[in-house]
Amino acid sequence: MNHKGINMSIPRNNTLKLKFDSARKYAPAPESRAAAKIDPRYDLFINGKFEKPLSKKYFDTINPANEEKLSEVAEANAADVDKAVSAARNAYNKYWKKMPPKERGKYIFRIARMVQERARELAVVETLDCGKPIRESRDFDIPVVGNHFFYYAGWADKLEYAFPNRNAQPLGVAGQIIPWNFPLLMAAWKIAPALATGNTVVLKPAETTPLSALKLAEIIQEADLPPGVVNIITGAGATGAAIVNHHDINKIAFTGSTEVGKIIQRVISGTNKKATLELGGKAANIIFDDAPIDQAVEGVINGIFFNQGHVCCAGSRLYVQESVFKEVVRKIKDRLETLIVGNPMDKNTDIGAINSKQQLDTIHKYLKIGQKEGAEMYQSSCDLPTKGFYCRPTIFTNVAQSNRIAQEEIFGPVLAIQSFRTDDEVIEKANNTPYGLSAGVWTDKGSKIFNMTTKLRAGVVWANTFNQFDPTSPFGGYKESGYGREGGLHGLLPYLTLQSIS
Amino acid sequence: MAVKTTVTPGLIFRQAGFNLSPRVDQVGIEERAARFTKRSIKKETKVNGLMLALNMIDLTTLEGKDSEGKVKQMCYKAMHLLDTYPGLPTVAAVCVYPSMVKTAKKALEGSGVKVASVATGFPSGQEPHSVKISDTKFAVQNGADEIDMVISRGKFLEGEYNFVFDEIASIKEACGEARLKVILETGELVTYDKVRRASDIAMYAGADFIKTSTGKVTPAATMPVTLVMLGAIRDFYFSTGKKIGMKPAGGISKSKLALHYLVMLNEILGEDWMNNHLFRFGASSLANDLLMQLMKEKTGVYQGKDYFSID
Amino acid sequence: MANSTIKTSSISSNQKKSIKAIGKIDKEQSNGVPSKRLEILKTYKIYIGGAFPRTESGRYYIAENSKGEKLANVCLGSRKDFREAVVAARSASGGWSGRAAFNRGQILYRIAEMLEGRKAQFIDELVKQDSSKQEAENEVGLSIDRLIYYAGWCDKFQQLNSTVNPVASSHFNFSVPEPTGVVSIIAPQDSSLLGLVSVIAPVIAGGNTCVVLASYSRPLCAVTFAEVLNSSDVPGGVVNILTGKISELASYFADHMDVNALIFCEHQPDIKKMMQEKGSLNLKRVVFYDKINWLTGDGQSPYLIMDTQEIKTTWHPIENIGGGKSGY
């Protein structure tokens, strides 16, 4: 076929408009709050019992969707942490170390099943406390929690197959500190491998989202786990610091900001504590002109607006090849119009509440910075509820690599879009960050995928998909996104010491 | 003097050997399609959606055993869906074989319900070109408002895209004023990439509507395949400014599924497409299920089949 | 053998004694002309980016053995030497990690071949640095074998440490090790050759590049080993070897922002603590090998390679249209 004289791409009139006014106006479809029983007050779960805090202090946890108080939870001080750690140490020496691995596994299986049975309740608690859409907690968070326990339960009596020529031994007591973005899922990511490898646990959920972990404590109690094997204590930064500093902890597992991760590495220096740090990210999502464009756009949307953008591996930097740049941006804008922002308990909500006032302020700060830096901001035209913490899904175009919105983790529904021309250019730009947690590539060409996925410096690379997770699949970062892996066979190692068999 | 030729998107598409259709990732499109089914449609949104769905139906009978009597009954139903429920719309059209067009046209006179006729050697499309043209002209002359043609899937799968393109263009010409729906028979094209390419060929060749299936092949319409076609319509709109209609056909018999389709339409093409000028359901048993649901919404009582006529 | 070890320009009167021992300069001279041929003395320089510069600081120290014999003038490397070495290691990183694993294996094997060829020189240097002849022979042999061991691992450790993960969705998902990047290493101080080889080999077998601080008290083999590297197809910058003091350089090894991992082999709690603290600046992977006896089987293992590897997991959808099944 003779192509002479013809521009081989179909021109698009990107100024035409589709109308989506009705797309966000579905009648309310709220999940029933009654599905969850939330006590007015929660104590610390230590040694198999809910115990009043030695601190005698409690703090409120609110629903970020309407700022109403949900419950109050105990604030563990250093003495409480000490109590929890000694309970964990006792349990390690008394029960958990001595228990045949297959029995250990059966306890974890039991937890997995009970999570599945109480899935609806857990989903509602999670959404109320955390602000994430019920659709996500119901279809993603809670099912994956059950799966995670189920996966690691099976490892408990098979460790000798995982590390050839080595004798794998538990470390002892693991102190685990988790964030507010996936409260129960992160608890599962931490507790399941720790127990499977024979460690005992002191876990601290984030101060804004303690409830689902406390529900898990109830499950663990019901599951008859030997007392002290898992201890769940609530509190804020000071409580976390007390865990990190505790002399009788062998392992720190932390998911959270890079800033705090660095502090933890510093604080535990000179000790024998092992650490796993799963920290921040600023993932590049890269669309080539030969990509399946509509699926790529959907991947971008999921990549940055999943869980309000409170995702360490969120695809917060988008690089689009110039020849399809306008089309992609137009399609993203259209898609923004159909995202439903609002009450997280409504089954139709796509973007729920920002987890806290503080986080909302941070996001707003970055929106201002982005505009000040000369980037062009576009937000969907949706209405926001008057109470609670909400942010419209936002994209920035005309972004420079040096802009702060393209460099710093915002942890919100904010996407920075840049264009590129060649493969080498985009690899260089994508890797031009201190982070290295995840990346995405969209192209129909297999050989290009492998070129990209091997050169992108990130622990998880999604090709023609994004934000996929599975208990069998290791997750974790390069560079300042932390170290150690969670999930899969590789997720066992951070909780073990490998002894030479000779 | 250089001759200035107008380069249309259609010409570009043809010159490129019909190779400009974007690729479709199967897993991605199916995930996206599944996402629409998570929308929970309640209360007034549901009632409005059920009404709209009724109004979008191409009530269809395409059997060897079709008789004038059967067609007349169906036409009556098309105009009188449920007389005990005031304020119901009519369906959009009835869809019949060319031999029944005259009967249907007469039966529907003055109702505003359109007559659609399948043509071009439905359902296989394995007829000589001349037969397809005369088939089409016969239906149009008998009063068909819309022609549902089938593409030559064999030629398409052989890579004879020019043949397919030209055939559609010539049928479009034979249609005259009648609107042309092009049936891709997606169940025989199998992959989404091929569905996307066939959609593009059909639209650039002059289709007013693209339609998934004849109803004679399994699978017929599915949400992902419809989503691929809606995506093609959207891209075509941005290339040409023309709004092409969409008709999933076959396999949509439940209200809940019809509502999922409408949610998908609403969120992919927007409200300009939310009418029966640009969207149809090719279905026969869907109408009664919609009616049952409407009655349930109205009365609060779950309904039984025997209370709804089966024509 | 041309193994005289002192820069002639910096011979002090005190050193002449040992030069006699090492260089065998004939006492009897007539008219200032040696009766035997005067040996060319070797200059111990550092190794950066495939070249042998002198330290930019212009500083030297004298390596002695336990008998107090002066062995050589050795560069007292500075932080700027380290900085240059990191630049060299970083620029070599892409090429080295991008090489076929098989090719890296061949190059490690080539290093072993070259070492084998210069065995006598290394034995000689070890003996000067307090080893018995037998110990020296053993150490050189072990060092060569260790390189062969890791040469063989280059294209195998990935297979042991990779997984195809059976995810529950329609995706193909696999996890493979990848080099972490640039590694700074402070080599075992009590082992001139074997310790050095044992820490370098797993790092470069895994596709990393490195900057190594050799043993301060026993630097001779390190510099000679650099010559071996330089003549054995190892691209410049993959291994950079400095000589100098831990006390001066350790903090730079720990806090450089373009270094991805740090290996330290001494049991010095204060330095270990400092390294973790400073390493936190860019979240370096800090690895301590202070309990390994390099002479034993524990001195080598694919797990040591994994200490400077990252695990990358890659996902891709699997198309499954029409419900087609595989043929069995």
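A few comments on the model shown:
As written, the chain order gives the labels A, B and C, with residue 1 at the start of each chain.
Going forward, a residue touches a chain if its C-beta (ideal position, glycine included) is under 8 Å from a C-beta of that chain, and two chains touch if they have at least 3 such contacts.
For clarity, every value in this text was computed on a predicted model and none was experimentally measured.
A count of C-beta contacts for the chain pairs B-C and A-B puts A-B on top. Among the other chains, the CA centroid farthest from that of chain C is the one of B.
Remark: the per-chain Cα centre closest to the mean position of all protein Cα atoms belongs to A.
Averaged Cα coordinates give chain A a centre that lies 39 Å from the centre of chain C.
Centre to centre, using the average C-alpha position, chain B and chain C are separated by 71 Å.
Between chain A and chain B the centroid-to-centroid distance comes to 43 Å (mean Cα coordinates, whole Å).
Multi-chain contact residues, meaning those touching two or more other chains, occur in chain B at positions 25, 27-28.
Multi-chain contact residues of chain C (touching two or more other chains) are listed as 169, 171, 317. Across the assembly, chain A contributes residues 464-465 that each touch 2 or more other chains.
Across the complex, chain B is touched by residues 1-3, 6-14, 16, 18-23, 25-29, 135, 139, 290-295, 298-299, 327, 330, 338, 347-348, 444, 464-465 of chain A. By the touch criterion given at the top, residues 147, 164-166, 258, 261-263, 265-266, 268-270, 277, 279, 434, 449, 453-454, 457-465, 468, 470, 472-476, 478-480, 482-483, 485, 488-490, 498, 500, 502 of chain A touch chain C in their complex. For chain C in complex with chain B, the residues that touch the partner chain are 169-171, 317-322. The touching residues of chain B, when paired with chain A in their complex, are 7, 9, 11-13, 15-17, 20, 22-25, 27-29, 31-32, 38-46, 231, 234-235, 237-239, 241, 266-267, 269-272, 274. Here chain B touches chain C in the complex through residues 25-28, 190-192, going by the rule given at the top.
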